[in-house]
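Paired with chain B in one complex and with chain C in the other, chain A is shared by the two complexes that follow.
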Partner chain A sequence: MSSLSTSAGRAHGVPSPWRMRLGYFGVSGWIGLAIVAFWALAAVFGPTLLSRTGAAGGGAVFAPISAAHWLGTDYLGRDMLARVIEGARYTVGVAFLATLLASGTGTLLALLAAASGRWIDATLSRGLDTLTAIPSKMFALLIVAGFGSSVPMLVAAAAVIYVPGAYRIARSLAVNVNALDYVTVARTRGESTGYVMLREILPNIAGPMLADLGLRFVYVVLLLASLSFLGLGVQPPEADWGSLVRENILALSEGGASVIAPSLAIASLTIAVNLVIDNLPGRGARERGAR
Partner chain B sequence: MNALVLKLLAQRIALALLSVLAVSVIVFAITAVLPGDAAQEQLGQDATPEALAALRTQMGLDVPAPQRYLHWLGAMLRGDLGTSSTTQLPVAELIGSRLPNSLLLAAVTALFSVPIALTLGVASAVWRGSWFDRAASTSAVAVVSVPEFLVATLAVLVFAVQLRWLPALSYVSDIESLGQLLRAFAMPVLTLCCVIVAQMMRMSRAAVIDQLEAPYVEMVRLKGASPLRIVLAHALPNAVGPIANAVALSLSYLLGGVIIVETIFNYPGIAKLMVDGVSQRDMPLVQACAMLFCAGYLILVTTADIFGIVANPRLRHR
Partner chain C sequence: MGSPVVVDKLTVSAGGATLVDALSFAIQPGEVLALIGESGSGKTTTALALMGYARRGCRISGGSVRIGDVDVLSLDARQLRALRGHIVTYIAQSAAASFDPSRTILDQVVEPAVLHGTMRRGEAELKAIQLFRELALPEPESIGQRYPHQVSGGQLQRLMAAMALITDPEVVILDEPTTALDVTTQVEVLRAFRRVVRERQVTAVYVSHDLAVVAQMADHILVLRDGCMREVGATERLLAAPQNEYTISLLAAARPAPRVSAAKVADADVLLRLQGLSAGYGTRNAEGKPAIMIIEDIDLELRRGQAIGVIGESGSGKTTLARAVAGLLAPCAGTMQFDGRTLPPALAQRTRDELRRIQIVFQSADTALNPSHTVERILARPLEFYKGLKGQALRRRIDELLDVVKLPRALADRLPGGLSGGQKQRVNLARALAAEPDLILCDEVTSALDTVVGAAVLDLIAELRRELGVSYLFISHDLHTVRSVCDEIVVMRHGRKLAQVARADYDRGPHHPYYEQLARAVPELRRGWLDDLDKQRPALVA
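Moving on, here comes the complex of A and B:
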């Protein structure tokens, strides 16, 4: 990836590959990045900051937006802003963990499939294809029915559901890299399969896979929020943004902010990630890889 | 139709049947084998070994898992879906009473969304790069990247709360006139349509653009054909396969969307039944609903593949 863009940069007389990369990054990309960073910070530091200002209930139920409660109050009179920021920990944290697991496992299996023999490749590909025959939400419902919905189980469920997608993309990228001359040279040199996987192929598919990680993160956020919305995800008293929409759904008939705020939080996160991905370099290569 | 096409079709259908079989293994493993001993769970920690053994025999848990699976699969193929563990009613009866509602919802949604999506998709492909295309594509991306329940809550907020045109909840049982039917269906169909139209529009736009960028279209343009003729007489006939593929694939998103929509609008359909089954851990009900959904999904995906094969002229005239 890096060697490719460097040589392209030299050929067109562009001074630095970094400048060229940042040149791609438009205004919308920066806006997306800022929103993602904001929610990441909220997930990490939000709860500790809020405990001092007091997020306990006791106020008016479903109060409208005011100076004291920037986003109104929820069905127990708790401050909605505090609830949304606490929810960030679950929505962003759980989804991020699950996405890392799914993409990591998918990429590793794909490297294994590409670098080792035909049998392993065929077995892995057919096996993971079978998992895609179950629609993602249905799969999630099944896992919750079987194993309940503790947070570790939700992470595992989302990871299992999105491994096949990550695998498919990583494999199509890895197979292309595997056919290149320098990989053949490495093999002739007598390098092990592990070396070829991690040192020769992985660095060259890492860029597109990071972009895919972002896209998969969006899917996982949507899936987990939907599960929580159905009451089958994160369980009370903990709440992610999906459960916040669920528990405040009664405010809908009054047009309350308490049901709109968590919905908009989800939308802002997923759209922001999409904006960032759209502005990453190498989009064309990724789309070719996805086919 | 020639031998090659028939062979490809047979392969697709065989693959779909195999997938259903594999799905049934996964469904059975997740719901009945991996979670552990259902008898133990029912009796609790301090049950006597004798009581446990008796319940296991009664539930058929004393036979090995593969045998139980075959028994379950055989019963399901014979149409015996078991008895719901919460209501004690036959699962087939429960599903039978809800399935028509869901199918009706899906049919009405398809009826509205397919023409709208195709018109939007073809129009934005023809005028690609224009303000119309940019507006349509941006809103499609926005709809696709937010959860279905957000679309549903916004629809309730606008049409039921602010404008007071429609009821927020739908109850299919008390419908007497066509007007009531339309009002009850309006919100769920509207929400599902938003999601499906966005998906289908994006895919059909890509399919038509693929054709419009082909060399033969340039040839037609050089020949002096009008833009309307280029699209209707030259590009569209070749895009029929990919578009039919896109329609079938988009309709398979219905299966996911319907889970959320039936729950939020309290619509008495099969997805609501399954969600209730999951929260009450009613395994026979969950298993039957899951198999039904997966079969429906595979039928749609296979149909998409079949359209792709049949509409490919290179395969047809070989």
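Moving on, here comes the complex of A and C:
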């Protein structure tokens, strides 16, 4: 990014590059950013700010929203607000980390496959195809059975399961970019594979890959929730948002807040993540350029 | 059969910008009006407005368009649907992108007639076959059964004309229908278009940026720039006595003057020597010969400071030749010598200095510049990579390069998306110059540009050669372009070198018959050129 710092001095009256970038954010982008920031802060500081912990139970089961319990209580009479805030740690932490790992690894491998020769491409593609062939829950089950259930294991399992999907998409994008003239020019200049991968191809597939990241995040949250349901995910009494929905599913027939609250939390985070991604500067600039 | 078209104060705007500004003109029934101008001049926007259509984000904000008795702009959506494809039809620039690849051609050609209920399917098919015959298409009875990928680009363009004519329209709009074609193909297509337009007496609007082509087709020419009319007049008058300054510059650009070359290069040392060069794609057999041979047995000598043009139709192997020299495609036979030393066949075997000394400039600046890098970063990379320049020295050199290619320094911060086509091509050249190469391979560098912009880029190329002494291998399908910048011309066909003609002999004949054919196929900027060509030689069967 050295060009950013050097270019600022040249242009007159142009705001600094970062302000320009944030200026591209639309209203929806800012809303998304605010929601993501809210959940991130809740995950970090939330538990210390709350007067009660999610572990304290014994009240009325499935109690409605009240002054004492802002989001009602769950199936064991625990305070839902505290449960949701504590669950944010797992969902934002585990799911985010797993998604980043999956998309990052997938994209990197895809760039390597696109930018280097036929053999590396074929080996990587067939290898990851094999991984796709194993049913994802079965695979997670195997990992957990083999290595025990812990948070790092969950992150690793979810990441491994979603690498092939990210790889497939990134590779198909990267192969197209790899065929363009500017990549050929870089090659005739004598650039290394690493430069071609990271400087020439990556910036031009980053937009779609970020959109894919948003989608993949939703998948990971769902996978973690289903693993928790099977008793293989986050272990009770701790719970991520997915498991909160699962364990309070009985409240659905009564229209209880305890099942709605974590669902809304999942929805708000995933939508917010996608809003932020849709408003990232590269994409807006490209659309303006294309017009 | 045609109707008069009257356009009065037509205004099209997009957001705050005015694309077409109060344009008024009229076309007599059965006449052809050409809309000419560079990209962004509003010529396609005007043509589309004749069908009551504005592209996404644009709005027809004022004026009127009358075709016969119909006020097009007052029609509602249903009436417009009845108008389009029936009364007014459209022939687009890229036929390949306009046909559905999964349906047969005939099925698509008869569609307008069936859709508008003007004919039954059977009648429409007979009419289509008759049109195929009129358009001089081969095997008119059976060509309709093929799929779009099974016919050539020139044939597809004529098939689209058949689609446009099948409903006996009153007005036909031709939007750059021959721009994407080779010169030799272009002549055939132009000839076919002109015949059907004349015989059927339709009113036509011909959109183009090529004055020489328009001179063969149009009765009147309207020159557009920035959405405003610059000049309108009968073709003869406008070509002979242009009044507007912009028209004069268009005419000048369409008749490229030779760019004077530098000192005598005859006694300079040989920079690049190719001997028996052959290359191809696909798996190699036991003798190391690839499955598909693209170029075979090419001999070429390029002296320092010399510019050699390579011309040929698409598929003649001229780009493959450049790729082999650049090291992108390892040749299967023959040798390459660069500055007295043997050039290794593959990129990975070449030293960084060898790579630096040969630079390649691609045709389409849209794909040759990374859209996510700023101009500064694009130019900085070769300077850092080959010369290790940093900081102040790097910035100074970038500014110098921008000056050399005559771009304002302020453009350094822009992304390629914010540059015009000509500016992009200049950045593209500047990047090659950054390496301070001895040889620049130019692959169709002006093909994607408007005439005036292309002429300016050619001037720049000639000037760089004079001042920096770089040599060029200049690849093009346009004989005019090649003649104006090159000392020698190499003619290629089917992967073989047919002839080599020196500048002094350009106008002296006779040359190889294929060179003559190419030379004849370049439209000349006068009326009746196509008629003369027809007289010399009876119509070809494509």
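Annotations for the structure displayed:
Keep in mind that, in the parts below, the second predicted complex is superposed on the first by the 181 of 291 C-alpha atoms of A that agree within 3 Å, B and C clash if a C-alpha of one lies under 4 Å from a C-alpha of the other, contacts with A are read in each partner's own complex, and residues count from 1 in each chain.
Quick note on the criterion: a contact is a pair of C-beta atoms (placed from the backbone, for glycine too) under 8 Å apart; a residue touches a chain by one contact, two chains touch by 3 or more.
Bear in mind the structure is a predicted one, so any value in this text is a computation, not a measurement.
Shared-chain residue A:104: touches no atom of chain B or chain C.
Touch criterion met: A:204 reaches chain C, while chain B stays clear of it.
Look at A:252: by the touch rule set out above, it reaches chain B but stays clear of chain C.
When the two complexes are overlaid on their common chain A, residue A:93 makes contact with neither chain B nor chain C.
Of the two partner chains placed by the overlay, only chain C lies in contact with A:184; chain B stays clear of it.
Of the two partner chains placed by superposition, only chain B is touched by A:143; chain C is not. In the overlay built on the shared chain, the residue A:267 is in contact with chain B alone; chain C does not reach it. Within the superposed three-chain model, A:47 lies out of touch with both chain B and chain C [touch as defined at top]. Which of chain B and chain C touches more residues of chain A is settled by the count: it is B. Of the residues of chain A, not a single one touches chain B in one of the two structures and chain C in the other. Within the complex formed with chain A, the chain B residues making contact are 19-20, 22-23, 26-27, 30-31, 34-35, 141-142, 145-150, 153-154, 156-157, 160-162, 168, 252, 255-256, 259-260, 263-264, 274-275, 277-279, 281, 283, 286, 290, 293-294, 297-298, 301.
Of all residues in chain A, those touching chain C in their complex are 3, 6-7, 10-11, 14, 180-182, 184-191, 200, 203-204, 206, 282, 285-286, 288-291. On the chain A side of its complex with chain B, the touching residues are 130-131, 133-138, 141-147, 218, 222, 225-226, 229-232, 242, 245, 249, 252-255, 259-260, 263, 266-267, 270-271, 274. On the side of chain C, the complex with chain A involves touching residues 57, 326-328, 347, 350, 352, 355-356, 358-360, 362-364, 367-374, 376-377, 380-382, 385-386, 395, 409-410, 412-413, 415-418, 431, 435.
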